[in-house]
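One chain, chain A, appears in both complexes that follow, with chain B as partner in the first and chain C in the second.
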Partner chain A sequence: MTRQKRSHHRLKRAVAPYLYLSPSLLIIGLLMLLPMVTVIAYSFQNSAVLRRDPSFAGLKHYQAIFVDPVFWASLWHTLYFTCMSVVFHMTIGMVFALMLNSDRINPTLRNILRVLYILPWLFTAVIIAVIWRLLLEPNGVVNSVLMQMGIIGSKVEWFSSPETALHAVTFANIWAGYPLFMVSLLAGLQGIPKDFYEAADIDGAKAYQKLIFITIPQLMPIIISISLLDFIWTMQVFPLIWITTGGGPIYSTEVLSTYTYKLAFSSYNLSQASASAVVILLISLGLTLFYIRYQKAR
Partner chain B sequence: MAEVILENICKTYGNNFRAIDQLNLSVEDGEFLILVGPSGCGKSTALRMIAGLEDITSGSLRIGGVDVVDMPPKDRDIAMVFQSYALYPHMTVFENIAFSMRLAGKPKAERKKRVDEIAKTLQLTSLLDSKPANLSGGQRQRVAMGRAMVREPAAFLMDEPLSNLDAKLRVQMRAEITSLQKQLGVTTIYVTHDQIEAMTMGDRVAVLKGGVLQQVDTPKRLYESPVNAFVAGFIGSPSMNLFEATLTGDELMSGTFAIRLQDAAFVRRPGLRSYAGRKVVFGIRPEDLYDSSLESGRKYQTIPAKVTSIEELGSEHIVHLNVDAVRVDSGDPDAVDDFGLASNAVARFEPVSAVHSGSDIRLAVDDAKFHFFDPETHLAI
Partner chain C sequence: MRKRHTPKDRLITVALHVALAAGLFFAAFPIYWMLSSSFKSNTEIFALPPTVLPKAFTLEAYAAILGDPVKLRFFFNSYFVAGAVTVLTVLIALLAAYGFSRFNFRGKGSLNTLIISTQTIPPITLLIPFFGLVVSYGIFDTYVALILTYLVFTLPYAILLMTGYLNTLPRDLDEAVAVDGGTSWTALWRVIVPISLPGIVATSVYTFLLCWNEFLFALTLTKSTSMRTVPIGIQLLMGQHAFEWNQMMAMSVLGSLPLLLIYLVAQRFFLAGMTAGSVK
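Right, the complex of A and B next:
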C-alpha cells in the first residue's frame, strides 16, 4: 500500500463514525438545539417574533419576571407539585412493587393486580385530566362517596377552590405517574438475589430490617435514577394542569409551564415568555447535569 | 457446638416429586460431615432443610438435642455459607461480618471487638473497610466464613462454598476451611458435588443419589469398600471401571479374555461363589491397572486392550482404553465424562510408560483389588 493510500484509508476510518452519527445529529440540531438557541435569543430581545427588527433588551425580561409575584407563586407551585409527585410516585410505586413481588399473594391475584396497577400508565395526559375532572367535579363520584362516608359535610369544588386545587392536580398527577416507579422497582426487586434474604433470615432479620438493610440499598441506584428523571419530567408537566384548572383559580395552580404558556399565547409577550422558558431550561439543565454526574459515578 | 440428627427426613414438593427420601443421618459434635452426590441428588435440599430455608415434609431434625423442625432459621443456632457467599455488596467487609450482631442489637464496641478477632483469624484485618466487589474470590469466601463464625453457632452449614473459585484457589481454600474447622471444633455439614473435596475435607462422607442416602463412612472406607456400584463409580477420579462378566468356576470370562481369581477373593466375599455360572459386575480402579511392559505390572495377569488416547499429566498418564468387555453404568451422570466415545476403561500409568495412542497393549490387572457387584441390584457382593 502506498503512503497516499494509507493516509486516505486512515482518514476514512476517522471520519466514518461521524458520518454514521450525522443524521441523528442533524435532527437533534434542527428540532432541539435550534429552537433552544432561538428561545434564548428571544429572551434578550424586545417584541421578539412580533417585530421584524427586534431591539436588544438585555436582562429586562428576566427582571420583569423576577419581580412578578405570579412567577414566584408559579415556581413555588411547581416545586410543591414536583416534590409531592416524586415522593408519592416513589412511595406508592415501592409499596405496589413489593406487593407484586411477594410470594404471599396468590399468583393469579398478583397477575390481576399487575394489570390494574399499571392501568394509569396506559392513559394519555388528556384522558387522565378528563377522568379526574369528572371524578372531582362537585357532583362527581368522589364528593358523593366522601359525603356518604361522612368525611365531608358539603360538596367540595376540588379544582375550583384555591385551597384544594393545587392538591387535587397533584393527586391526579401522582395517580398517573406511579406505574413508572412500580415497574422499575419491580424489575429491581426481581434482580435481588434470593440468597441475600435467606442469609438475613438465618441472621435473624425481621421483615422491616430486610427492607431497610437489603431491599432499599439494593434498589437505591434505581430509586435515584428514576427520581431524578421523574423530577425533570414532572417539573415540565403542562397538559394535565392546563386541562384540569388552566392554572387557576386565581393562579393557585399556576406552574412555570402554564405561566410561560400564558405569557406567550394569552399576553403575546413572547420575549418575557422566552425568559421564563429559559429559567425552566436552566433548572432542568441543573438537574440533568446532576443526573448525568450520578450515572457516571456509578 | 452440638450434634445434628436427622431421622426419616422426607421432602416432597407440590408436584409429588420426592427430593429427599427417608434420610437418616447423625452428625457428631464437632464432626466435619460432607454431603456429596451428583447434580439433583438432593444434597442442597437436605442442607437447606437443616437450615430451615426449606420445610421438612416429614421426619425429625434435632440440633443440640432440640427438635428444630418447626423453628425459623434464626432460632436454630446455625450459620450458613452460601455458594454465592451472599455478601451484601453495599456493605463493607466489617458491616457484612457484623450484620447479625447489628440485627441482634449488640453494642458497637462489642461488634468491633468480635469482628476484629475474626478478621485476625481469617487475615481480613486490612480489608475491613473494603466492599465485596473489590475483593478476590478467596477473600470473599473468607468474608462469608467470617459472617458465619461471628455468630458462634452450634453448627456450620456450607453449600458448595468453593465452587466459584478457580482450581488452584480451591485447593488452598480446601486446606484453609479444614484447618479452621479443626481449630474451631464446630459441627460442620458441607455440601459439594466434587468428590475430591469430599474425600479430602470430611471426617465422614455421606453419598446421596436421587434423594436416597447411599453410604456414610470415612473417606478411606468409602473408597475401599463402596456399598454399591454408584458409590464405587462416584468416589474416585477417574471413576472406577465397571464391567459385566460371567463367573465360571474361579474365572471371570468377558469377551475374548478370562481372569483367574485368587482364592482370597472368594474368602473375603463368601457370597461370590453363589454367582458361579452367572453374570456379575466387577470393578477395578484406574490405579489398579498397569502397563504390563513396566516392572510394576509384570506380576499381574494381563488382558488385551487398545489405547484410544492418553492424557500426560506429568506425574502420571491417564490412559483411555478399549477392552473387550461390556461397561456397566454406575448411575453417576458425571462418570460418563471420564470415557471417550471409543473407550470403555481408564487406567493410571506411571509417566515412564511408553504406550501411545492407537497401540494394542497387554493391560496388567491387579485382580486382588477387584470389587464385585450384583448385576441386578448393583449392591456390593
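Right, the complex of A and C next:
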C-alpha cells in the first residue's frame, strides 16, 4: 500500500463509525432530545400547542401545579404504588427464584414451573387490566370465593370504592411485574460459584445462614440495578391504571401519569400538562443518573 | 452431601412443593380464568358458584370477534405497525451497533451513556410534544405517526441488544475482510450479518413486543376506529359493550397469541430481549 492510500484508508476508518451511527443519532436527536426541549419550552408558555404565537408565562404553570392538591395526591399515590410494587416484585421474584433453584425439585418440573411462573409477564398492560377487572368484578370470582370462605361479608367493589382502589391496582401491578426479578435473580443464582456453598457446608452453616451470608450478598448488584429500573418504569405506569380505574374514584388512584394525561387531553391545558411532564422527567432523570453511576461503579 | 432420609428433610421437601403449587396458582390462575371465560357464555361467566371449566363450551365470543371487520382491522393495524417498526429498527440499530462494537472513536462513551439513559425517559413527557409535532405536520391519525414515535422507544433497546451481541463475535473474522482489501461495509454484510442472525432474531422479537404492547401513543395519536391497534380496540370494546366479558376475554386471548407463540417457540431469544435493559 502506498502512503497516500494508507492515509485515505485511515481517514475512512475515522469517519466510518459516525456514518454508521448517524441514522440512530438523527432519530434520537430529532425525536427524543428535541421534543424534550420542546416540552420544557411549552411549560413556560401560555396556551402551548393550541396557539401559534404563545406568550411567555414564566413559572405560572409550575405554581399552578404545586398548589393543586390533586398533584400532591397523585405524587403520593405514585410513591405508594411504586414502592409497594418494587418491594413485592423483589420479594416474590426472590422467593420464586430460590424455590426454582432448589435441588429438591425434579428438573422437568422445574422447567415447566419456570415457564408458567413467567406467564404474567407475557401479557400486555391493557389485557392485565381487563383480566383483573373481570376477577375483581363485584359479582366476580374473587368476591364469590372470599364470601364462601367467610373472609368478607358482602361484595366488595375493589376498583370503584376509594378505600380499596389503590390497593387493588397495586396488587394487579405486583402480579404483573415480579417475573423480571425472578428471571434476573435466577440467572444470578446460577452464577454463584458452588464452592462458596461447599465451604459453608464444611463450616456447618445452616440454610438461612447461607442465604444471608452468601446468596443475598452475591445477588446484591442485580437486586439494586433491577430495583432502580423497576422503580423508574413503575413510576411511569399508565395503561394499567387508566383501564382499571381511570384515576378514580374521586382521584383515589390518580398517579402522575394519569394526572398529566388528563390535564393535556381532557382539559386541553397543554401548558400546565407540560409543566407536570417536566416534573416527571426531572424525577426520572435524577433516578437515571443514580442508576448510571451505579452501573459505572460496578 | 446432603442427607435425604431424615423426617425433617422430607418435611422441607413437601413444604417446598406445597409452596410451589401456591405460587403456580398465584401466577397462572388469572390467566386460566381469562382463557376459560373466553369459552363461556356471558351468563355463565358470573354464575354462582363460579364454574372452573366452561359448562357449556362455546366459541361464540371468538366468532363474534373474528367475524367483525372492525376488530380484524385492529389486528391488521397492530401487525402492520409492529412489523414496519421492527424492520426499520433492526436495520438502523444494526448499523449503530456495528459502529459501537467495531470502532473506537471520540465521544463513544458519552453516546453509549446517552443511549442507556434514553431507556428511562417517561413516555408521558414525550407525548405532549409529539402530539404538537404530529398535529403540526399533518400526520395525526396515520401509520406514519405511530411508526415514527415507536421507533424512538425501540431504537435504544435494539442498539444495546445488538451491540451486546456483536461484541461476542470474534473480530478476526471482519479483520480478515479488511486484509483482503474490503471495506468495513463489505465486512458488515458479508461476514457480520450472516453470523449475527440469533442476535437479529432476539432484537426483532423484543422490538415487535414493545410495539405490540404500546398503549399511550396509540391512544393519543390516532382517532378513527380504522387506525386503532389491538390494545385500544380492547379498551373500546370495554366502553361499548361493558357486559360482553366473553368477547373481551376472547379478544385478549387473540391479542396475546403473538407473545405466547414467540415465547414458546423462541424462549431463549425472548428472555434475552426482556432482560436486555437490565443486565447491561
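Observations, loosely collected:
Throughout what follows, the second predicted complex is superposed on the first by the 283 of 298 C-alpha atoms of A that agree within 3 Å, B and C clash if a C-alpha of one lies under 4 Å from a C-alpha of the other, contacts with A are read in each partner's own complex, and residues count from 1 in each chain.
The definition used in the following text is that a contact is a pair of C-beta atoms (placed from the backbone, for glycine too) under 8 Å apart; a residue touches a chain by one contact, two chains touch by 3 or more.
This structure is a prediction, so every number in the text was calculated from the model and none was measured.
When both complexes are overlaid on chain A, the residue A:Tyr117 reaches chain C alone and has no touch with chain B. Contacts of A:Ile243 after superposition on the shared chain: chain C is touched, whereas chain B is not.
By the touch criterion defined above, A:Glu163 lies against neither chain B nor chain C after alignment on the C-alpha atoms of chain A. Comparing chain B with chain C, the partner in contact with more residues of chain A is C. When the two complexes are overlaid on their common chain A, residue A:Gln218 makes contact with chain B while staying clear of chain C.
Legend: residue contacts after superposition of the two complexes on their common chain; A:Ile292 is shown touching chain C, with no touch to chain B.
Contacts of A:Tyr261 after superposition: chain C is touched, whereas chain B is not reached. Within the superposed three-chain model, A:Ile202 lies in touch with chain B and out of touch with chain C [touch as defined at top].
Residues of chain A touching chain B in their complex: 193, 195-196, 198-205, 209, 213-214, 217-218, 220. Of all residues in chain B, those touching chain A in their complex are 51-53, 72-74, 78-80, 82-84, 86, 88-91, 99-100, 103-104, 147, 151. Residues of chain A that touch chain C in their complex: 12-14, 16-21, 23-25, 27-28, 31-32, 34-36, 38-39, 42, 48-49, 95-96, 99, 102, 104-105, 109, 113, 115-127, 130-135, 137, 139-141, 144-145, 148, 175, 180, 183-184, 187, 222, 225-226, 229, 232-233, 235-236, 238-239, 242-243, 256-257, 260-261, 264-265, 270, 273-274, 277-278, 280-281, 284-285, 287-288, 291-292, 295.
Every residue of chain C that touches chain A in the complex is listed here, in rising order: 12-13, 16-17, 19-20, 23-24, 26-28, 30-31, 33-34, 37, 45-46, 48-50, 92-93, 95-96, 98-100, 102-105, 108, 111, 113-118, 120-133, 135, 148-149, 151-152, 155-156, 159, 183-184, 212-213, 215-216, 220, 231, 234-235, 238, 245, 248-249, 252, 255-256, 259-260, 263, 267, 271, 274-275, 277-280.
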